[in-house]
Amino acid sequence: MSIFQRERLIRFSDCDPAGIVFYPQYFVMFNGLVEDWVEEGLGVGFRRLVIDRRIGLPTVRLEADFRAISRMGDRVLLALEVQRLGGRSIRLSSRCTGVDDGELRMQMRQVLVTTSLDTHQAIDVPDDLRAAIESLMGVKTSDERDAG
Amino acid sequence: MSIFQRERLIRFSDCDPAGIVFYPQYFVMFNGLVEDWVEEGLGVGFRRLVIDRRIGLPTVRLEADFRAISRMGDRVLLALEVQRLGGRSIRLSSRCTGVDDGELRMQMRQVLVTTSLDTHQAIDVPDDLRAAIESLMGVKTSDERDAG
Amino acid sequence: MSIFQRERLIRFSDCDPAGIVFYPQYFVMFNGLVEDWVEEGLGVGFRRLVIDRRIGLPTVRLEADFRAISRMGDRVLLALEVQRLGGRSIRLSSRCTGVDDGELRMQMRQVLVTTSLDTHQAIDVPDDLRAAIESLMGVKTSDERDAG
Amino acid sequence: MSIFQRERLIRFSDCDPAGIVFYPQYFVMFNGLVEDWVEEGLGVGFRRLVIDRRIGLPTVRLEADFRAISRMGDRVLLALEVQRLGGRSIRLSSRCTGVDDGELRMQMRQVLVTTSLDTHQAIDVPDDLRAAIESLMGVKTSDERDAG
């Protein structure tokens, strides 16, 4: 129920010679959604996180299904929700849906880890990020933390 | 054993503010590998396939694991092999490995379908593409074709 | 005075390992601004123009000055105005300015031509596009049309 | 005469819904050419320059003319030569030509400056870079250094 979502226009530069979204571009869009979610949804400054605090959020695993094409000029709804908050990881479920037709275009499950940008090693999810996820997304995680 | 592979340099433009490959860029790299495979490995002109014959090879599903980072200036080996050739689909297994250290950076499984670029509907894998895959990759598929 | 402008957030994916906007990305941003201008500023459907009417707006010349860096998380104002409307071309002047500091980051002059996407040859600026530019931008062009 | 050049294939991912190179992608290609030139042509490690020595080569000015389209599958020749070596800047002239037809596709003049990636301020062109440019490119610059 704690879904974070944003609309986005499919642009000329998102599309390939087939006239449809070039699939890696979906991941660029969802990367932007994660930025907005951290910044606006969680209230944890994304730029401060990455630049000042030197904490990264790389993807370590994803599964994606591409169900229908998106074309230039389409408005799509990008949505994400937390599936699981681990000790050093965040599992997200995301989807892209056409605004006009409600059609599911693409969905993915993705595991992000929090890392030190100095060592590129995983670190614990920072307390403020954890608290924001737990409170805003209504996730209870204290009993199910793991090392993942 | 029928692995198609190419070396590639990780460039400045592949990397993000964390100084490492921006993960959607792996999919751009592997998209290029599929182009080279169709063109050089299978001997089926990629440009003719897409432009003249209006046949696309969109990805409908993928699973990817990011195991280690790649940095600007790294030389990586991109490799793919066919896991299964369906009636309208090709399942690939791909991996990116560091040339100098042999370290596995990223691996993925990916299902491509052959589509008409006019309708964006799936069509049968064209005969020349099928024959080339069967012959070059040593895959026997006649008994196990499906609609997928 | 007839300036069309939009705000945009500088995203992680816009930036390079130096932590600042990778300069080709400015052109991607301005390409999006031209899309929005055609669609919203001029009221000529961009998707209809490109997809249905098969009319392109390629850049044939540009001059750009990069005056100051933009960083991830910056809000920038992208602005364009028409400098000259030719028979087959549109000359734009564009600039990117920091929202918070008013600092000029980048400016460019750019000549677009209208082309047939079937032949990639220049064609006359379509009447509706011409009328919209003349009316909305307050440009009088009838006496100064040229072949350019 | 001291031209540095590399061939490159125009890929699916370089092209837009019009089926031709999306123009910002030319700048990505030339950015790669500058990397190769610094690394292989000048023998100054590009990665070491940027990562270890924290020296950047941002573009501060460019002028580009797009003369003819490039399509997916085209092989193009990317070439650059030094026009002028300043105290803190390098002026390059670059061109993209079709390999098969010799047709000029795009040309540009570009001014790079050497900067500190810590301050993003211009710094003197490092001695090894300067010496390599002077020796390999046959450019005599000692009398005409400036602050630019």
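Chains: A, B, C and D, in written order; residue numbering restarts at 1 for each.
We take it that a residue touches a chain if its C-beta (ideal position, glycine included) is under 8 Å from a C-beta of that chain, and two chains touch if they have at least 3 such contacts.
Just so we're clear, the structure is a prediction, and the values are computed from it rather than from any experiment.
Chemist: So which chains are sitting against subunit A and subunit B at once?
Modeler: Chains that touch both subunit A and subunit B, as defined above, are C, D.
Chemist: For the interfaces B-C and B-D, which has the higher count of C-beta pairs in contact?
Modeler: B-D
Chemist: To bring subunit A onto subunit D by a C-alpha fit, how many degrees must it turn, rounded to the nearest 5?
Modeler: 180
Chemist: Considering only mean CA positions as chain centres, point out the chain farthest from subunit C.
Modeler: B
Chemist: On a C-alpha centroid basis, what's the spacing between subunit B and subunit C, in Å?
Modeler: Computed from C-alpha means, the inter-chain centre distance equals 35 Å.
Chemist: Hey, how far is the Cα centre of subunit B from the one of subunit D, in Å?
Modeler: Spacing between the chain centres: roughly 30 Å.
Chemist: Send over the residues of subunit A in touch with two or more other chains.
Modeler: In subunit A, residues 12-13, 17-19, 22, 24, 28, 31, 50-51, 72 touch at least two other chains, as defined above.
Chemist: So that we know how the chains sit together, what is the shape of their touch graph: line, ring, star, complete or other?
Modeler: Topology of touching chains reads as complete, every chain touching all others.
Chemist: Taking the touch rule as given, give the residues of subunit B at its contact with subunit A in the complex, in rising order.
Modeler: Residue positions touching the partner: 17-20, 22-25, 27-28, 31, 50-51, 56, 58-67, 69, 117, 120.
Chemist: Considering the complex alone, what residue numbers of subunit C touch subunit A?
Modeler: Counting only subunit C, the residues touching subunit A are 11-13, 19, 28, 31-32, 35, 45-47, 50-51, 71-73.
Chemist: For a test of understanding, state which residues of subunit C touch subunit B in their complex under the given definition.
Modeler: 12-13, 15-17, 19, 22, 24, 72
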